[in-house]
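Letters A, B, C and D mark the chains in the order given here, with residues in each chain numbered from 1 onward.
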Amino acid sequence: MATPKENSKQKNQWKKNLHDIIFEADTKAGKLFDIILMFMIIISVAVVLLDSVIPIHMKYGGLLLLLEWGITVVFSIEYLLRIVSTKKVKNYIFSFYGIIDFLAILPTYLSLILAGSHYLAILRILRLMRIFRVLKLARYIGASRYLILSIKESRHKIAVFLWVVTLIVVIMGSLMYLIEGPENGFNSIPRSLYWAIVTLTTVGYGDIAPSTFMGQTLASIIMITGYSIIAVPTGMVTAELIKLGSKKLNTQVCSYCNKGNHEDDAKFCKYCGTEL
Amino acid sequence: MATPKENSKQKNQWKKNLHDIIFEADTKAGKLFDIILMFMIIISVAVVLLDSVIPIHMKYGGLLLLLEWGITVVFSIEYLLRIVSTKKVKNYIFSFYGIIDFLAILPTYLSLILAGSHYLAILRILRLMRIFRVLKLARYIGASRYLILSIKESRHKIAVFLWVVTLIVVIMGSLMYLIEGPENGFNSIPRSLYWAIVTLTTVGYGDIAPSTFMGQTLASIIMITGYSIIAVPTGMVTAELIKLGSKKLNTQVCSYCNKGNHEDDAKFCKYCGTEL
Amino acid sequence: MATPKENSKQKNQWKKNLHDIIFEADTKAGKLFDIILMFMIIISVAVVLLDSVIPIHMKYGGLLLLLEWGITVVFSIEYLLRIVSTKKVKNYIFSFYGIIDFLAILPTYLSLILAGSHYLAILRILRLMRIFRVLKLARYIGASRYLILSIKESRHKIAVFLWVVTLIVVIMGSLMYLIEGPENGFNSIPRSLYWAIVTLTTVGYGDIAPSTFMGQTLASIIMITGYSIIAVPTGMVTAELIKLGSKKLNTQVCSYCNKGNHEDDAKFCKYCGTEL
Amino acid sequence: MATPKENSKQKNQWKKNLHDIIFEADTKAGKLFDIILMFMIIISVAVVLLDSVIPIHMKYGGLLLLLEWGITVVFSIEYLLRIVSTKKVKNYIFSFYGIIDFLAILPTYLSLILAGSHYLAILRILRLMRIFRVLKLARYIGASRYLILSIKESRHKIAVFLWVVTLIVVIMGSLMYLIEGPENGFNSIPRSLYWAIVTLTTVGYGDIAPSTFMGQTLASIIMITGYSIIAVPTGMVTAELIKLGSKKLNTQVCSYCNKGNHEDDAKFCKYCGTEL
C-alpha cells in the first residue's frame, strides 16, 4: 500500500506526464497530441472560411455546424486538460495561450445563448471570432520565439522607421491634396494619406492615381523614396539576425510557472527554480 | 542678501533648469513637458486632417477652429520659452527645430491678417502648411540621429543608385514611347517616364499598361530589373548599419550652442566647451 | 588480342567517356553536348509557347508539330544515352533529372496514343506538360546547388515567416470581411484572404479595394506591415549567404551513384568511393 | 628658340593639360568643364523630353530645334577635343564613352540628311536616339565603377536567380493558362507568362487578374513566392557589398590607354605604364 507521500508523488507523476504530453513535444505521445490538435485547428479554420461562402453555406450549412460543434467539444476538453495538468492554474489561464484557448471555445457557446436574439451584428462578429483559433497554432512554431526576440531587439529602430514613413506620408499626402485636389479623386487629406501609403509601400491599387503633370512628378518622387527606404527595415532586421544568429533556443516550458525561453542545458526553470 | 554675482548665478540656474525641462528628457519635469507637447502636436495634425473632410468641416468647423487657436497659443508660449531658456538665442532661432517651431505658429497668425482678402489659394496653402507641425515630433525620436548618420555615410552610394534608376527610367521609358506610341496611352516621353517609374518601383497602378507583345516584353524586363535592383539600396544600408551597429548616441543637447550628438560620458559640449 | 579483362576495361572506358560527355562539362565534347542540348530545350519551350497563340497555331501549326517531333526524337536519344552510360541505371532513372528527362518525352508519345480519343482536356494538359522541359535546364545551372543549400539551411526560419504571413492574412482578411462586407466586393472570407495576400505582398491589382474609411485604415496597416516584414526573409537569406559565402562547390557528378556536391580537391565520390 | 625636342615636349605638355581638363576632375578647369558639360547634357535630355509633348512641340518647336543644334555643336567640339587630347586615338574612339559621345551627335546630323525623305519611322527613331545622351553622364558618376564591380562579382549568382525566376514564371504562367483559360483574359501562354512576371515582381497592374477560385489560389502562391524570393538578390548584393566595403577606388584615367580603376597611390597606369 502506498504511503500518502508516495500517493502524492504518484499523483504528481501522473500530472507531470499529462503536462509533458500536452505542453511539450519531446515525447511520442506529446507529438501525437500536437499533430492531432494541429489538424483540428486547421479544420476548424477551414470550416469558418467555407461557411462564409454563401453557396457553400446554403448547401453544406448543416454539416459545417456539426463539424463546428465537434471541434468546440474537442477544444473544450483540451482546455480543461491544460488547466488540470498545470501546477499554477492562474499562470496558464492568464497567459497568452490560455486566453487564446479560451477564446477558441467561447464564441460557439455564446452563439448558443444569443441564438434567439436579434443581435445579428454581434452574432456575425462572434462567428468571425472563431478565426482567431488560428493563433492556437502559434504554440507549434518553435522558432517564433527567435523571431520575436529579433523584433524586440530592433523595436526602437522600427519605431524610428515607422516615424519616418509617417512623416513622408503626412507631408507628401498633404502636398498631393493641394496639387491634385478633389477634382482628381483626392477629396480630403485623409484620403490623400491613404493614397500616399498605397504608393509608398509600392502596393499601387490604382483606385486613386494622379493625373496632372505636377502630381505625377510628386508621385514619382514618393515611389522612388518608397522603393529606396524599404532598405531600412531590411538592413535593421538583417543586422539583428546576423548578431542573433549564433544563439540557441529550445522548446521546453516550465510545468510550474509556464514560462519558456530556457537554454538547452538548463535543468531548472530560471524564473521559479522548478525542475524542467 | 545675494551679491550681484550670486544673483546672476541664480538667474543662470533658473535658466538652466528651464533649459533642462524644455530641451532635454532626462528629468521628470522634462519628460512631462515632452509628453504634453507630443500630445498637442498629434491633436493639431488631427485637426488639420479632419478639417479637410468636407462633411466634418461643415458640422464641426467652429470647434476645430477653436482647437486650432488653442494649439497655436500653446505652441507660441513654447516658442517663447525656448527662446528665453537658450543662452545663444540666434543658434536656436536659425536651427532646424527653431525654424520648424516658428513655422508651426506662423500660418494661423497669417490667416488672421489675410482673412478678409481674396487670396483663397494662398489661404489654402497656409492652412495646409500647418501639417508641417508633424516635424516638431522629430525632436522626440532620439534614434533618428542614428538613421540620419547611416544615410549620410551612404549618400554617395545612394546618389549612384538614383543615377542608375534615372538611366533605366529614361532609356526604357523612351523605348516604350517608341514601341507603344500615343495610341496605347504613351502619348509623350514624360508620361512614358512616369509609367517606367511606376513599373520599376513595382508600384504598378495600371492606369497606363502596355498592350502590344513587344511592349509587354520590354515591360517584363523593366519589372525584373526593378525587382532585382531593389537589392542595391538594401545592401548599402545593411552594410552601413552593420558597421554603425556598435556606436552609441545620447540625447543631451548643449545649453549654449544647442548642438547634440554628444557621447554618453561627455561632461562638456564638444563644440563650445560648455558644461552639459 | 585483348584479354576479357582488358575487353571489359575497354568497354568501361568507352562508357566512362560517354558518361563524361553527357553528365559533365569538363571536357570539350561535354561542353558541346551541353550547349546543343540547352539550345534544343530553349527551342522546345519556345515551340510550346508559340503553339498556344491562336493566330500562330493557325498559320504555322504544321511546322511547329514537325519541330516538336524532331525535339522529342533528340530528347529520346539523349535519354537512352544517359541510361546506357550510367553504371547504376536505377539511380539515374529515379533521380530528379532522370524523372524530368522521362517526362520531357512522355507527353508527345502519349498524345500519339490518345490522338483519336475525345479526351480533349487530357490532351490539353499533356500539351502543356511539355513546358516542364524547362526543368532540364536546371542541370546546367551549376550554382543552383549553392542556392538550394542556403534555402535548405534557412527552411525553419522560412517556415516561421510563412506562418506569420498566414496569421496576418487570416486575421486581417477576416476583419476586412467584417468591415467592408459583400457590398464592397469582399463577398466571402476566402476572397478577403485573397485580397489580403494581394495587399500584404504589395502586388495590389486593384480588382478588389477597400472603399470605407475604416477599411482603408486597416488596409494601410496591412500595407505598412507587408512593406516592413519583407525585411524578415531578406535578413534570413542574407545572414545565410554571408555564412555560406566562403564554401566552394564544383560540378563533378559521380559516375556510379550519380551524386554531386563534391569538394574541388575530391578524387573519389564521398558517397560510394568511386573514382571521379 | 626651342629645340625640336623641347618643342615636342611643349606640345605634349599642352596635350597633357587639355587631357587633364577634359578627362579628369582633379583640376579647377577640369571641374568647370565637367559642370558645364553636365549642365548641357541635362538640357539636351530635357529638350528631347519636352519636344515629345505635342502642345509644347506646337508652341516652342522652333526654339527647341535651335537649342538642339546649339547643343549638338557644343558636343561636336567636345568630341573633337577629346580625340585631339588622347594619345592613342583609337582607344578613345572605340571605348564605351567614345561610342556614346559619337552617338550623341550623330542623330542630329543624320536627321539633316534624311530631312527631305519619307522615312518617318527612321526619323522618329533618330530623334529618340538623342535620349541616349543621358549615358554621357555616366562619366561623372565616379562610384559607378564600385557598383559595376559588385555586380560583376555576383553575376553568377544573379544568373542563377534569373534562372529560378524564369522557371517559376514559365511553370506558374503555363499552369495559370490551363486553369483560367482564354475566357478570363489568359488567352495564350506568352500572355500568361507576362501576367506571371507582373505578379511575381509584385508590380500588379491589374490589367489581367485571376477570377476563378483555383486561379486566385495559385496567384496567391506566386505572390508569396515573389515576395519571399526578393530576398535572394538582396542577400547576394549585401554579402558582396560587405566584402567590397573596404576597397577604395579613385577617378584617375590614363592619358595613353584611357583605362581607369587605378589605386589612390598609383603613380603609373597599371595597364600600360604611362605616368598618371
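The criterion applied here is as follows: contacts are C-beta pairs under 8 Å (C-beta built on N, C-alpha and C of every residue); 3 or more make two chains touch, one makes a residue touch a chain.
Computed from a predicted structure; not experimentally measured.
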Most distant chain from chain C, judged by the mean position of its C-alpha atoms: B
Which of B-C and C-D has more C-beta contact pairs: C-D
Same or different residue numbers at the chain A/chain B copy interface, by half rule: different
Chain C and chain D: spacing of chain centres that average the CA atoms, whole Å: 33
Separation of mean Cα positions, chain C and chain B [Å, integer]: 47
In chain B, residues with contacts to at least two other chains: 161, 190, 193, 202-206, 226, 230, 234-236, 238, 242
Touch-based graph of the chains, sorted into line, ring, star, complete or other: complete
Sites on chain C touched by chain B in the complex: 202-206, 234, 238
Chain B residues within the chain A interface of the complex: 45, 48-50, 52-54, 124-125, 128, 131-132, 134-135, 137-138, 141, 143-144, 146-147, 158, 161-162, 165, 190-191, 193-194, 197-198, 200-207, 226, 230, 233-238, 240-242, 245
In the complex, chain A residues that touch chain B: 156-157, 159-161, 163-164, 166-167, 170-171, 174-175, 177-178, 187-190, 193, 199, 202-206, 209, 213, 216-217, 219-220, 223-224, 226-228, 230-232, 234-236, 238-239, 242-243
